[in-house]
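Sharing a structure here in structure tokens format.
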């Protein structure tokens, strides 16, 4: 089953075409990494898919439904969760409160202004489970803004996972992490992805992380898709070697 | 009265009011442009200018001296306030400035009440300025013409200062990008202090000029600050041209509105302000924040 | 002991009610007025503290509520509690279009827009002589339909206490409800709130309407208390004053702004008897609080106790 279907996605700022004419399909439960050199248009592509940025052209379908013009909140309600390149968490709330917001996001209770205390408690228990899975249980009561950078990145992933999305978009989850933190994060993400039913789109600079996590790789170069296929095949692709892997030496 | 003469006189009245409003709004917009600070105390400083002006005039007998004493006093006060209070807040969010300058407005109003008492003070104009000229055969006070001249002079002076001097260049740079300006070796802290003091001095000069016309009273500050807000919001916070245009707009709207549409004039200015803020949050001549 | 414990707060409010029965007449009257201001400050805290929307126009809903209630009491002798609730409801209704326009902006523009709306209310009330009495206001507002006891000094005091208690429970319940937490998320990180499926503008509008409802109730209670409404209720200095109360007490704590209202009111009345320069002292004190104690009275009070990790 195709979960996500993008056709001809383009975004231009004046004469500069950040993303041009990209097609991308993603099946349910599929994990796919998008790679490419700086400025290849990865973050722009994700922002269009998640509804954070208007498209210059192209369509996006989610589960067959045309969601092209929908803003981010509407897409989130349809099961798209994401983390951002620059960590977006609520710094003044505790870690567990952050995740609970993710838990309650899919819950019809979110529009009940009063009461719902019992449901809130179960929500808190679920939030703790997610923190536990990402190794943050010990930090639950700390303010999110006071966590270490790596823990903040993980917390953001926990919030997104707690939404129990059908499509999870991760924009450089290990960005700015130390080698040790990166290893731990990759291990955690691998476990969590194996256990959950969500499809994942991943942008990552660290190719080790990419190959560890994603069986399928899409390569962007100057806003165009130049390769798309199983990780091993893409790795061997000559055009990719030249455009990207070769460029890195 | 000849309708054309009436119209002319009203226009002159409107211009003189615009000139007074320009003095206070210009400072407000300068402060906002450079520091992104809304100064709620600006009305109180205008009022302080009126009181100091009246006192200096009565004590020395020189009207000209009062026009020096008022801005000097307010400028020094502004400098002290910026250095001791505002400068601690630049890292905080904007609401801290709203609040702290509101505190200054409260304190200043009360200080004025303590120093001058609750009664209004009227300044007597020197004979040379209290005369009347005939415009289209109708009498018109010389002093109001003088105000128009002062407003134009101040506008041209500030504009030239901003466009033609090194300091003006620095000010414009600091308002565009304070980080870069600081990186180029300029002391942005001193620029801010200078601008705040200058703006306070301008407001007080406006107050001193207004004193013979409006008389110095305790409600002066809280009334005039709202007009100034309307002006800078319509014109665009931080925009010199917008402030000039806004002053003219409000000056004319109030003068003509009070004459022809006394029921609606007051409300209309706020409706215009709301419309501008909703449709163009940065004001007619400004950039959106 | 946690100062924000709702049981404690309600106990304090009840104690204030009992105090009104034993204090001398003049003191009871002052306390009633102070408690109405507590309710007013509480309503603003929802906007300033919880949604971090610095409103400089809260005199708007306060004045509107007061005039609506005064009109109903004068024209139809509606029972006062009904008039108060109806005034709150109408203020909330008004808050929908006003808030819709205001929450499109934030920061300084929000402060200025809310201010402009309040001033517009001032202009309308000031000029619309036929309905609002113009600059003279509307005197002789009756405390209709209350019976002899409740219309009296002590009775009205208890009525205000009951409304304050209910309003506090409403605000407290809202803040900790799922929706209240979403408000916090929008305040803390708009991008995150969107990614969670919430439209920040709509969430802010909800807070705006609730805040206006409570401010309208407070204004209506004030109309019945003072038995008189005037355009001054809408003037921007009123907005500034209630903002001082919120910040002085500690924005975002619900209890703090109520303490701030009591403290400010008490100082205004006690200090003014002691010294001429109280207003100057107050202004300077306020400046110092903003600079050195951004968390207000509540910040100080909480710093006295050993800090709990889960506080």
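Going by the order they are written in, the chains are A, B and C; count residues from 1 in each one.
Note that in this section a contact is a pair of C-beta atoms (placed from the backbone, for glycine too) under 8 Å apart; a residue touches a chain by one contact, two chains touch by 3 or more.
Computed from a predicted structure; not experimentally measured.
Asker: Let me spell it out: compute each chain's centre from its C-alpha atoms, then which one is farthest from chain C's centre?
Answerer: A
Asker: Going by C-alpha centres, which chain would you call the most central?
Answerer: Centre-most chain by C-alpha means: C.
Asker: Using the average of all C-alpha atoms in each chain as its centre, how far is it in Å between chain B and chain C?
Answerer: From the centre of chain B to the centre of chain C is 32 Å.
Asker: Between chain A and chain B, what's the gap in Å when you average each chain's C-alpha atoms?
Answerer: Comparing mean C-alpha positions, chain B is 52 Å from chain A.
Asker: Just how far, in Å, is the C-alpha centre of chain C from the one of chain A?
Answerer: Those two chain centres are 43 Å apart.
Asker: Tell me, which parts of chain C touch chain B in their complex?
Answerer: Going through chain C, the ones touching chain B are 48, 52, 54, 56, 101, 104-105, 107-109, 111-113, 115-117, 119-120, 123-124, 126-128, 235-237, 240, 243-244, 247, 276-277, 279-280, 282-284, 286-287, 290-291, 294.
Asker: Quick check on the complex: what are the chain A residues that touch chain C?
Answerer: It is residues 50, 52, 71-74, 76-77, 81-82, 84, 88-93, 97, 100-102, 104-107, 109-116, 119-120, 123, 141, 159-160, 163 of chain A that touch chain C.
Asker: Spell out the part of chain B that touches chain C in their complex, as residue ranges.
Answerer: 32, 36, 38, 40, 85, 88-89, 92-96, 98-100, 102-111, 113-114, 222, 226, 229-230, 233, 237, 262-264, 266-267, 270-271, 273-274, 277-278, 281, 289
Asker: Using the touch definition from the top, list the residues of chain C that touch chain A in their complex.
Answerer: The touching residues are 170, 173-174, 177-182, 184-185, 187-189, 191-192, 194-199, 206, 210, 309-310.
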